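Right after this note come the structures.
Next come two complexes built around subunit A: one with subunit B, the other with subunit C.
And now, the complex of A and B:
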């Protein structure tokens, strides 16, 4: 099997797409629910935990070069405890991706095609992701790169086109409810960004880990910048009162775009979120499949693609009966839970690894990727 | 001559040399008889006897493969003049450009079939083969498929030697290497691999040659045989990964970029690898027209290529699932036209698309003289009548026509075919899932495009893997002044195609 590697930038681009997509689609409303019109302050404050996340992921991968999360967990914590933590991480990834495709499916069935059953969309996106995973990491990374080249101009365009409706007086008065809600919002954003920890599964395949820390911190800052537009945009257009109740605020702002006779550019939203969700699901599916394969020491992880994809679709349906349940979960529990698994646990791993002997370097990977 | 005697003859003439090797016989008449038996009594194998007092010889040739004039002037006449004077005949008196000495029966057959004339002498076990191959071939003419407004007109013809010559005449360098081989158990088709040493990647050259060496087939009648056999083996792909062209300037340009050409005898279509998607969407005229208009055409062509894939699907998706996106006056107009049309939009579009495909196929198969008549019947009568009869709406006709016209702007025929097929897939998907189906299909294509390679080169370079410098010749073409590098993934380390160019100083009119 030929040795596959991707570049740092490709890996981090995967992270950017996967976070931005769920973030913009599902999570803007959570942030606004927590911090109201001061969301932008929460976002700015989130720079610090975000940098911490980027730093942790990169440093762990640099310290255990050539080892994936599954492998270095067991090196740091020992076999038994390590495996337990790995399973925790894998379940987190599974849950995360199931939430995100559920959100994607709900977005379709509630906003675009009302009578189509949700499972159609889940299965469609999983077929795509499964196909990509079977083609290998290189293909996922490249496809994502192509997608991101298309997405960013569309996103910027959308942001410019919605500008006419924005009224920045909606942000006043600043900090009316003191710092409490703002910090809640920061925690919510942190939990969202924590899912970039999934990159620890693909960093072993990066061709050089030099300056990985710098790059991943830069990525986190880019991510913050990418959230400024939608967070402030939604608030500026709808104001705090109306914005807090919306489930897909960013999509609604897209709908308000009007270029001459063209209006209701739903298709733009569909394009943005389908492409993005695909990248996210592909990345997570790859991480889960590869992680499970490594955990049970399978020779060929590709056999797991179909069963795990099926599992994801089932979990995403049994997550909750309706979207309200999902939204409630995202609002009330997700910030604590995801921050714990995505940020605190890796930090603990990092601290423990500080006191253990360095795990040594592995010269490139020769395993099947 | 019985079998035993034959064997006896062989052993006596060749001595120890293996018994199964058939050698040329001593007697002229026996030799002639043997070949006449092989080719059949009344075949196009001809024998011309020459005789003098002390020498008797026969010239064997296949009538249909030789150039008569060469045979007359340079073989028969020369031999006739010399016949009286010499006892021992020397091969160097023949004035043809290639002369070979043959001793084996197999060799004689091979050379006969390549158009050589074989000269047998009575009482000698060696024969001479004189190159007299020729016969009628299409002359070098302008390509009727790949036409240009400006630029060289010549196109390949069916003779491999002419074709290699056409390339060599454009790239006068000894570094242009030609690896010739004959493939096909029965057809013995000459196939040549051309590349420029020091520009093409050695690894790829080796791979191409080894893949060609592995071919084991009875006959090759067109370069497509080779294309499909040596393609990257991974999976099915609707996208071509080997480029073809019948223009020598195109092939020469590719060679200069480090690509490898494969020329096949008997077909004017030469192959070129590695091929990326940019190559297929480029016309050779892009390099012969000024770069601003070329860039515009390139962008336009990229756009129409995408359009030719997605337009029917997009139309169906919009009309069936996302009517709100269409401006209100337009949707009212379209709905008005569709009044009385019994079918759904998807069926309507599919119907028209298939009708168009039928027309197109008929257009190719028809004799040229009836073509015009059919285009009137097909285009005007059928289109107009279908609308009037309430079978299809006018909007659908416009969409199908636009798709068709778009697909003709694609310069490379084999990627236009890809678009033709994928169009139906996308139409199918978007009739089920609307815009999501369309995007599903496009994503599937995108993932697939990212997974295929042409001889190790990712298909989508330089988009991904990203190579900044190669974008100069992707959606736009910069001026030749600035095309300093060869494509990164394709050529080897020898990247620079232009050294520092002197800046042209404007001529000051006062001096």
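And now, the complex of A and C:
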């Protein structure tokens, strides 16, 4: 393994980008479909599971300092079961990234360039991400740092510019349909945030894991804040009835900004999601490639970049024949599935590691092995 | 290494073919406005495109319109647009669409089937204005106007500039239409635009009146001062002119310009009755009068303010009554009830009968702030001299 160091903040920034980009592009409509006008309550309630996710991923990495998810899984559960669980995680990462680039490609083909085949976008972004992965984690982390700093002002700007069209009375009556739909929405948000567990693959390269828990919990709170704008904005502009059943509600609100001569700002959205998707795909590709390399004890993980990137593009195409299928999957099954793999399994790992504590060998590994 | 370079060159040369979605400026025709009418076989769609300047008349006006309206029919909107593309030498480009006009007959049949394509299309903007015309949309788009080159753009400007012009227009955009139609408890009302004949021939457009819808279908029109009712309830009545009769002499009038307007609407449920509390705070300038009275005198000022609040009350109630006869809840009172009394809304939402239970409760506070540059009018002075 190579010597790479990134800072905690860089690692967590990767997490922020990868969650916000899928979230804002594809997942806002899922949240609204589940909780309707009470989505903001669902979002606020999601603070608790979100903190739990942040806490779990940080604590596991702190306990097994210098070990990645693939390695500590096998330490906690033993060789055979550990490997099985690792494969589950890797398939989850693979699926997650394939869904997200499919969404990205579908966004382009249905909203921007109608006649361009979707595979062009998938291949383009995978070539870019594969190149970044071959350059190493440091490159990904630093690129993402630059991108995220550009994206946040755009997001805030979009939120401010749409303000004049918002009518916050659209949130009344509050909790008309009791708590059920709200909890569904919370589960959906939790499942989205669960994908931050991918950071457990890169935490071993963080230069210092001191206060990692505090930082990662802070990250989750920042993530909640970053979702307030899009979730409430869409509902306040369109009202509950029209806000449900839109594929890309955030894109629509961006597109319809019209303040004097300032209009057609959809290009900002396209920029935001293209850059963000690159960072997300790079991070996940890196995690999968490294994880597979570690699982099979390869000397150099880089040989896996091209085959796995090709695999991702194929999986993203065969995920579903049409975009409707992807949207239905995200709506109906993804909340349970992603929460299970991204939150429940790590929690189980954490609990087992608690009991194995006295016997297990958990002394920190030398960083530069 | 050489092989790699060769491969790269081959791959890059594949990209030289260009993109799939290229649009060349000289191959497209920019659609400024579109009119949709009902015909037997489905929809008749009239697209107004801008003519590119030719070499001879490049830029230099002339009497000919710089636009071309092309009409085609189809079973669906998109089918009609495909037929349009059979006629148009240039590909139609919809991203700059300013206005969508519905003909009377189509509007009576329901406008929602005709808006689906505009909502789904990636090019069209949800910022396009929606209006209704009492005749056919085709005639409206083809009428030649004196001021302005592109009729569709002129119509859009007429509505967009409503505040500067001190006229009351609703300015409903495609996005508002989508929201209003899908929200229960509120019905759509649109601006009415028509060709206006001056001295025997059509010279301009007139924006006057409101088209009342119920469940997406046109029910009728309202003309006259009542049309301000919706704006009062929507908190949008700014910079309009209110006329009222002078105190002591009801045959003489004054005109009052609103410069600050705020209204809050809140329903209150008393038994079965829905008491709609309307709080209006407005201020403005007294700019014109025909009576020779000092209207700024405190006792007259009181009656001016009273007259203004009477205007507000009268128009809100009148427009509501007319719309009620068409079973249309254009103020969105049902929506307000749903916001504050969701249980009650569940009981009454199956019909528009709840409109009979609505009572208005006004609280209008109007202030005359200024009176232009002059305190006493010349008319008044002349009277003093005569006396």
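Going forward, the second predicted complex is superposed on the first by the 352 of 369 C-alpha atoms of A that agree within 3 Å, B and C clash if a C-alpha of one lies under 4 Å from a C-alpha of the other, contacts with A are read in each partner's own complex, and residues count from 1 in each chain.
Here is the rule we go by: a residue touches a chain if its C-beta (ideal position, glycine included) is under 8 Å from a C-beta of that chain, and two chains touch if they have at least 3 such contacts.
Computed from a predicted structure; not experimentally measured.
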item: Which superposed partner A:173 touches (first subunit B, second subunit C, both, neither); value: second
item: Subunit B versus subunit C as contact partner of A:241, first or second or both or neither; value: second
item: Which superposed partner A:271 touches (first subunit B, second subunit C, both, neither); value: first
item: Touching partner for A:195 - first (subunit B), second (subunit C), both, neither; value: neither
item: First, second, both or neither for A:124, with subunit B first and subunit C second; value: first
item: Touched partner set for A:252, first subunit B, second subunit C, both or neither; value: second
item: First (subunit B), second (subunit C), both or neither touched by A:263; value: both
item: Partner chain in contact with A:116 - subunit B first, subunit C second, else both or neither; value: both
item: Footprint overlap on subunit A, comparing subunit B with subunit C; value: 112-113, 116, 263-264
item: Of subunit C, residues touching subunit A in the complex; value: 19-21, 95, 122, 125-127, 175, 178-179, 182-184, 338-340, 342
item: Footprint of subunit A on subunit B - complex, ascending; value: 318, 321-322, 324-325, 327, 329-330, 433-436, 439-440, 443-444, 446-447, 450-451, 458, 460, 463-466
item: Residues of subunit A that touch subunit C when the two form their complex; value: 110-117, 165, 169, 172-173, 176, 237-242, 252, 255-256, 258, 263-264
item: Footprint of subunit B on subunit A - complex, ascending; value: 108, 112-113, 116, 120-121, 124, 128, 131-132, 135-136, 139, 142-143, 145-147, 149, 261-267, 270-271, 274-275, 278
